[in-house]
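Next up, some structures in structure tokens.
Two complexes follow with chain A in common, the first pairing it with chain B and the second with chain C.
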Partner chain A sequence: MTVPTQKPARKLTMQQRYAALTHDLDWDPTYVAEEEIYPFTTFEGIKVHDWSKWEDPFRLTVEAYNKYQAEKDRRLYAVLDGFAQSQGQLSLTEGRYMNAMKIFLQGIPSGEYQAHRNFSHLARYFNGPGARFASLCQSMDELRHAQTEIHTLSHYNKYFGGMHDWNKMSDRVWYLSVPKSFFDDAGTAGPFEWLIAIGFSFEYLLTNLLFVPFMSGAAFNGDLPTMTFGFSAQSDESRHMTLGLEGIKFMLEQDEDNLPIVQAWLDKWFWRGYRLIALVAGMMDYMLPKRVMSWKEAFELYFEEQMLNGLFKDLEYYGIKPPRHVQWAIDEKEILSHQVYWVLYQFSHAAAFTTTIPNEEDQAWLESAYPETWPVFKSVVWDKAQRVVDSGGRYFNPGLPQLCQICQIPMGFTEPGNPLVQCQRHSIYEGERYDFCSDGCQWIFDREPEKYVQAWLPVHQIYQGNCGGPTLPDVAVWYGLEPGDAGEYIGSMDHQDWLKWHASSIKEG
Partner chain B sequence: MSVVAAPRPVGVDLQENEETRAIVEAIEADNDDLTVRHMPGIVRLTKEGQLVINQESVEGRLGRPWETHEFQLAMISYFGEFVEWDDDRIVIAWKH
Partner chain C sequence: MAVVAISDYKFPSKSRQELYGDDQLVHLWWKGNPYFVAASCFRFPKAMPFGDLVELCKGFFSADPDLDPTAFDSVQWVIDDKPVTPDLGASLEANGVGHKSLVQFSI
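Presenting the complex of A and B:
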């Protein structure tokens, strides 16, 4: 009897493994129409002729994905353990640093969870296996981000105020409607618009501005856990950026008719994302006791240099132009953080963080980072706030601010070229007036007014009686605020605790 | 319509730790005129045109087998496009 000779199986290359274990698992439906299986990929007007053209340069398989994600989590949780064991919170630069992390915890994990849900929708409903698998990976990543952020910051919740009800707060508190409405807006769009909104405009264009300088700032301020989860999440981000970039290129390559649709989405979502991360500008320049770089420098490095001079030159090939309101963003880079932090300062009596006037060291840094604009803001705003403090008070704005109908940030931005004149735009729709902080937000409204008239604006909701009652204490209870969460940092419970911990360590040491 | 791609910078931000030191050294050895910038926790590598990461160079410095997939553990961000990601090398460049 002869035995057939068998060659030993050759190891597949990365390319072959990916093809065999991702694309080859797909099949063409025979007894159900394709539109019935994938009913959401036509109504937005995007034309796709060949889904097999979708490229995923990472060439991940389920096995490789699990292996590397498990390793990332192992590394992160080892750091979290060590930090908790060694009472790491005591070696932060200053107690007030934690305010930046409170805003992060209140605003970001719910956004990650929204991203998880919507990418899992894409993972089911995109017609092509390459796009589905990349979306599935991102969906699992985003769940991991939400979980690791909550785990990481839960350690600080034992020692600092403002972190106990982040989930309820993200649904209710005024400044947290900024990220919430952003994700609600994207999640109620179709799958292709979601991909341009989150995958491309947020992940590829802007997310570096949120994570990289911020996590480097965490490293600089002794916040090892935040640095570690940030970099761990950011390592997934490279895949997400790639999904966004492949997504936009796929749409542009599939049909010329897709260009104007994609351009309009890009124009809209650049501005939505840019306004969202304005909060980061205020946190970076004013809330980190030690800074790595200014908002302005980060914007120049991670947006102007990489995106405008790199990416958009590449996309020019397809007929894509830089985002419609990009010049406005460039013009604002010198003043954005000053304006945002001033809003946070004057309304922090109704917030789950505390603020304080920049101290001498902060002021010297601000002066060197913003030699043109800081002196102006200092004299117009901070010198006055200081005089109130010197006479034993603390300035809080006694009213409720008007919010922009689109970005939902209080109207504190100014006219281009004139940082002392508040910018206000409005449109009339069906006899009602709607107000906006900028040309960008007004343009977004005018394209889809029927969507944005439905916005849940925190200040309107208070006036309509939907937020626990008519007075600020009523609203604070409804927000879930507890004593010590809000107001001025100097003399706050966090501040007193911080001094106490360090006084006793000096005595014992 | 065709636009000729002038060489523009591409780059990658890596975690600055013991694990990635070998990768950074390999990239420095294989890419002329590399610009290196250090920030807390981050090392940022940029270069005009294209940036190459070779498996062989990394393995030589690590002293153990290294799959190019592992590059994901080191990477914080990048700009450019992954024009190639194979068993033996990764290339970042702009396509147009």
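Presenting the complex of A and C:
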């Protein structure tokens, strides 16, 4: 029997190639101290003894990564071309569906871009090669998500309002300060907190609540491009979830002193993320002409069942407890979407989307999805709004709302157990008063007041004269709003166009 | 608890009273009426008489078609959780309304 003396190099297994292309490119510094190369991984108090314990179960190489992503992009762009050529926008369920996608375009790609930047920071500054490489992949993913989202929705910009200045708007418009401040908060934290904030709390705990409604909503409402984008991003999401989970386990396994730090971040970022996706709750239940499931059902399935009864049972082993204010979120599931959409309805004169009173079909669905709470909201607010419409008007709130210092959402959330009285919380810090929508947001402020006294609150900025001028028309110009972007859907430019397109297609047909 | 940071971490409030000169922010809240989904934020002169605020309320809150503006003549005012009987001729400041105070009533 003859044994070859040398194995040919190309026979490396995938795993060996991965090791060669990632870990083997790492080295121990000899003439520079490790802290000088990685200056940001100690100040947060997280103790790491052995970076090689960071598991990366995907073991992708850059070459394999590029191949997969290129293939997914090819498929996505083929769908986008086909949709544009066949005038697919005419087959949407209704023109008003596009309002959900306006919020998506205005709020999400800039968040993806922020995620891209901060993961690339981790890809440089984590001490361990496994952690760096996983962060590098996610950084590239997030950039790809931003780009493909923009391309996917760009077709609709030719036909619908509100999508032309999404980039400027995401920096300036009041409801878009909600996602912007969320990412600013996470990105100005240290690398480990970022990983718990975005990698774990957002990408693992809450991602299905964000992702599934948007993508299945798109599928149900004839929006093939957004649905295809969703599938294209989904395989990335499973890698991101893994990075988040590996990250939290790594911290917890490295040193038991890390537990209280990680728990506090988890408490904070669960609540930050949950308040952010309240916008999704309003969109799911009120802005989709055809619904997939209610917010309440999605919350029960994707959060209560999968996370509280699944994930947190596993994390118990490390001493991790469910997020501090989770019960408040559970108690809100029957009222959250009603309150958020009521905010959007009465302030849509200053927004880059339109809203309207739920029609008969919508109301029947709301009644079946929320038999306890819908009738209350209907009789207290919607019947009155309808009366205003019947007498030839349209209710818009005549003022500017009080905002929560942390989540920056108008303070329309209510006291637990009393859906008709808004929750008011206040803290005094260095003689100044700060307002909060909930115990969760107040707790976050009280932990780190120095951070949140700097919040760029849109209403306060308007009153300081920093948003184009003192009147609403001045501010609208500064926001980049154009005629037809804002206000009531019925009779809006989008609505009239929609009727016109379909009237002519009936004539031609 | 202080912010855990790479260096000294101290910044002024982005909405401190001095940024508004002789004015201040005031929140008006019709408690128990969710037609106004949140309390409203105003910029008022500190020296504005409380009576002017009451007059403003009559117009502002009539966005609710069911409002009877005369109700404001007998509402119980609450400033920062303290029930008060305001002196309508005195300034907001003299009545205890500070920067970002919450002025509430129910009808």
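Remarks
Assume the second predicted complex is superposed on the first by the 495 of 509 C-alpha atoms of A that agree within 3 Å, B and C clash if a C-alpha of one lies under 4 Å from a C-alpha of the other, contacts with A are read in each partner's own complex, and residues count from 1 in each chain.
In this text, a contact is a pair of C-beta atoms (placed from the backbone, for glycine too) under 8 Å apart; a residue touches a chain by one contact, two chains touch by 3 or more.
Keep in mind that this is a model prediction, so the values were computed, not measured.
In the superposed model, A:Leu403 makes contact with chain C only, not with chain B. Legend: residue contacts after superposition of the two complexes on their common chain; A:Arg239 is shown touching chain B, with no touch to chain C.
After overlaying the two complexes on the shared chain, residue contacts for A:Pro473 are found with neither chain B nor chain C. In the superposition on chain A, A:Glu44 makes contact with chain C only, while chain B stays out of contact range. Of all the residues in chain A, the ones that touch chain B in their complex are 13-15, 57-60, 64, 68, 71-72, 75, 208, 211-212, 215-217, 219-220, 227, 231, 234-235, 237-239, 241-242, 245, 292-293, 305-307, 309-311, 313-317, 319. Per the touch definition, chain A reaches chain C in the complex via residues 39-40, 43-45, 190, 339, 342-343, 346, 380-381, 384, 387-388, 391, 395-403, 410-412, 414, 419-422, 424, 426, 430, 432-435, 446-448, 450-451, 453-457, 459-460, 463-464. Remark: chain C residues 1-6, 9-17, 19-20, 25, 27-29, 31-32, 34-43, 60, 63-66, 80, 98-102 touch chain A in the complex. Those residues of chain B that touch chain A in the complex are listed here as 1-3, 5-6, 8-11, 13, 15, 39-42, 68-70, 72-87, 94-96.
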